[in-house]
Amino acid sequence: MMTVEATQLAAMMEAIARRVSSKRALLNRLDAALGDGDHGTNVSAAFAAALEEIAALDQPSPSDLWLTAAKAMMNRMGGASGALFGTLFFKGVAPLRGKDRLNKSDLEAALQAGLLGVKDRGQAEVGDKTMVDALEPAVIAFASAEDFAAGWGRAAAAARRGAVSTKALVARQGRAKYLGERASGHCDPGATTVALIFEAIDDWWKEARNLSSHKL
Amino acid sequence: MMTVEATQLAAMMEAIARRVSSKRALLNRLDAALGDGDHGTNVSAAFAAALEEIAALDQPSPSDLWLTAAKAMMNRMGGASGALFGTLFFKGVAPLRGKDRLNKSDLEAALQAGLLGVKDRGQAEVGDKTMVDALEPAVIAFASAEDFAAGWGRAAAAARRGAVSTKALVARQGRAKYLGERASGHCDPGATTVALIFEAIDDWWKEARNLSSHKL
Amino acid sequence: MTARPHKLINEPDNIVDEMLAGFCAAHNDIVRLEGDRLILRAQPKAAGKVGLVMGGGSGHEPAMLGWVGRGLLDVNIVGEIFTAPGPERILAGIRAADRGAGALLCVSHHEGDRLNAELALEFCELEGINNVDMVILYDDISSAPKGRENERRGTAGLFFVWKMLGAFCEGDADLAAAKALAEKVRDNTRSLAMSLSSCASPVSGEIMFEMAAGDMEIGMGLHGEIGRGRQKALSADATIDLMLPPILDDLPFRAGDETLVLLNNSGSLTLMELFILYRRVAFKLREAGIRVYKSWIGPYATTLETAGFALSLCRVDGQLKALWDAPANGAYMKQL
Amino acid sequence: MTARPHKLINEPDNIVDEMLAGFCAAHNDIVRLEGDRLILRAQPKAAGKVGLVMGGGSGHEPAMLGWVGRGLLDVNIVGEIFTAPGPERILAGIRAADRGAGALLCVSHHEGDRLNAELALEFCELEGINNVDMVILYDDISSAPKGRENERRGTAGLFFVWKMLGAFCEGDADLAAAKALAEKVRDNTRSLAMSLSSCASPVSGEIMFEMAAGDMEIGMGLHGEIGRGRQKALSADATIDLMLPPILDDLPFRAGDETLVLLNNSGSLTLMELFILYRRVAFKLREAGIRVYKSWIGPYATTLETAGFALSLCRVDGQLKALWDAPANGAYMKQL
């Protein structure tokens, strides 16, 4: 695949929703250690809602899909992560506008705009023990690859590394920042969600390629 | 001993107070099964208070002592048992009035008047699973003996038998009456307190006799 | 299930006195502490009005001390935890409440409360205090069958008596009228309680009664006295569907009746759960054609930190509605 | 320690909606439910007065829905449990609150609440709604050191802001004056919380945070966010002696100051314990020469069924005392 269309984006979204929903308890547990224990509940509700609302769209473009996801995150996830995941999608809408088939650099642009939006809204940098620790390396790794397949693979690995790296950190943003030293020893839930998202996409992509190579 | 004086009555009261206080947790547990779990706390507080207030009296007569105990029961025990143990002593005041040395029949009269008062106030008969199940047989047994020593021994045994007999009964008075069949299988706490009282007196009496025979 | 192991107290023997000191310090515009644990109004009621006295054990806060104030009670005699105060203290309370028109001693029906009240009235007679009477109050349908109402226990539903009788005795009623009004409210009130958990005595640290996790008890008394039996805990709606019909059948409440509703928190149920429960109550009453005049949801008569609630209904007519709406200012009962 | 295993709910997904249905049915003389979980006053404020909007997660009942009413808030936007509502819903709340003189969006300082409020204000700008401003409120001294007050969390002490700002906005204040008043109350308020037990999420059934029996945590946040660290639980007096001095030092409160005091029940502490705690607070304040103007003791902002409390003090002058005493009629906040 050299390009993706709305139907494929919707299928990727479904893979993400399934993944985060299956990890809901884990994400709640991580948030219980650092915050208020609701991250898994919030994230899985929001992706499920996004999926439903996307399904209700009539022949959506990729940017319609991105906007619908943004609103679902903002309205259904709520909390800090709702604003931030919402912003991640919201800022990606403009770069995608008017495009029906996205090539890798279109998605790069959407992700990069989203990353900037998240950092701007949350004022977090890598090392602050937030979702940015997974998101920034993932976006950079995605851009560094030649094609989608390699890009998703590298992004997933980078996001996971970033999420794991938060374990040793002391939080400087989010609810966990009030914990000081006590925050270290637990992975950040938002960063873990970012890793799950890129891993779900990567797995979906591999499977989709297998299916189509079978067909070939 | 053919007669007892106020100092001996006070010593008996001290023996009772020590005994019920050492059984406070047991009495609370019995009351938790049938009522509201406070009987041990109430009873031990009241006897401790009675002791203190008796100690503060200046050369009391037996009836002063009985009245002080009655008021301590009513005011410091509170609850159903406060009214009933209070009545037990209160009704014994008149028969003791004007006497400095009590012989066995004086004490019989005080106990009998107390028993009648308790039954009248609480409207309970033997078999209703209340303190009356221990008190009535104890008072009768005391009266059936020739002297104090035999009287206290028989009263203690009868009270204990009566208390144990309540285990199989369904309550018809007191908080436990609302339990129906579920009340059976637990000894009544008030009856158990009555048994503890007579056992404490009996033990005190035996010890006092031993001590005085040593002296001889 | 395990009750909370640590209580924020000091010496167990000082619990009641320290509690009263704190309560009265916080609400010294409404109440004051006098003598041996008497809670009185900061400003006594005008002379010539019937005084209302209520004694009872502690452990039910904000009942009853939160109900002393304008439009409510005159005197509360505070007992040890779950233990009715003795007759001498009740007598002192009666004296403090009498403003020349006599005093009505209100008794929440429990063996201990009734026996001590009877003793207190005998003491009154001995002392030549004549203008005093007593009314025995009950509402708990689980504690005796219909037809034997006067054997029932007093529980959270007495809430309605306190409010309306309190308002009534701000007026010129005499003692007999006050007693009749209390009986009228009582005879129109029915309650049923349930509980999910036990509580621990702050004095002994011991669990008050045994409950297995995931069970519930319907018909539990205000001191954790066990009720009609255990069963597996149900959903909110199923619990109401189990508890409301026997309440309605008992009076009975009929289509066209108007009622007040109290959903009383026994201690540690969340308000969230109570609102969810109330939703079902409102739905079921509407279905039955019974109109809700006003509702109250919250901790009014607790059983320490027990997780449970009582549902109480009181049928009202024009007189009772007007009394309900009259102003009241107790520390924990305010009517604008 | 184990949290209560069974909750009286129905479908976990319906908790918030069913809770709101029950709450609004019980208090339909004071509030009504509109649109996507907006709680509005039953009778809107007169046109031309500044509207007060407050969003926030559920699980803190009676906050904030119990504070909508005359002399208090105009609109509460209700989120999922412990989760701030999103920007579109906040925008709807702002529209509903605006009575021609603009709306003040009050934000209890937590990352999620602030980020969503900022987004909502951006949405307002996009839609040409200009007469709206936002005020960030905080009080918890455990969450950032002195000098970095604006990093602190909003907790139970915002109680004082709601009451006084609510009274202020019944008058003719404009938006800027309303914001300045909110900041004045905030800047005179300090809080510190502690907790003895955890609570369980009614949605997931999972324990919200781990706590060992017999331990306490000082500085716990309103959602069970852990605070300054664990230690063995102490007596009531020792707990106050540990918590009050840092509160006094922080403002600082000085001899001669007048304060309001709130002792907020996090959920399942007994009122008995709170009164015992308050006794020590009153004693220590008297010792320090600080006068208590009024006190409130009870569950005002809970963390589900957590056993714990927050102690909050607010220094007042003549203006604030008058605002405090102004009438208020929310379902769970009544001032006569």
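The first chain written gets the first letter, and so on, giving A, B, C and D; residue counts start at 1 in each chain.
The criterion applied here is as follows: a residue touches a chain if its C-beta (ideal position, glycine included) is under 8 Å from a C-beta of that chain, and two chains touch if they have at least 3 such contacts.
Everything numeric here is computed off the predicted structure, so don't read it as measured data.
Peer 1: Could you tell me which chains make contact with subunit A and subunit C both?
Peer 2: D
Peer 1: Looking at CA centres, what chain is most distant from subunit D?
Peer 2: Farthest chain from subunit D, going by C-alpha centroids: B.
Peer 1: Could you grab the centroid distance between subunit B and subunit D? Build each centroid from C-alpha atoms only and quote it in angstrom.
Peer 2: Their C-alpha centroids are separated by 55 Å.
Peer 1: Mind checking the centre-to-centre distance between subunit A and subunit D? Centres are C-alpha means, answer in whole Å.
Peer 2: Centres of subunit A and subunit D (C-alpha means) sit 33 Å apart.
Peer 1: How big is the gap, in whole Å, between where the Cα atoms of subunit A centre and where those of subunit B centre?
Peer 2: 76
Peer 1: Please categorise the chain-chain contact pattern as a line, ring, star, complete graph or other.
Peer 2: Topology of the interface graph: linear, an open chain of contacts.
Peer 1: Chain pairs that touch, all of them, please.
Peer 2: So the chains that touch one another pair up as A-D, B-C, C-D.
Peer 1: Per the contact definition, I'd like the list of subunit D residues that touch subunit A in the complex.
Peer 2: Residues 57, 79-89, 110-112, 115-116, 118-119, 142-144, 153, 201, 203-204, 206-210, 221, 223-227, 229 of subunit D touch subunit A in their complex.
Peer 1: Write out the stretch or stretches of subunit B touching subunit C in their complex.
Peer 2: 24-25, 28-29, 32-33, 35-38, 40-42, 45, 71, 73-84, 86-87, 121-122, 173-175, 178-179, 182
Peer 1: Hey, which residues of subunit C end up touching subunit D in the complex?
Peer 2: 1-2, 4-10, 15, 18-23, 25-27, 29, 58-59, 61-62, 196-197, 202, 213-214, 216, 233, 235-237, 239, 261, 267-280, 282, 295-299, 302, 304-305, 307, 309, 327, 329, 332, 334, 336
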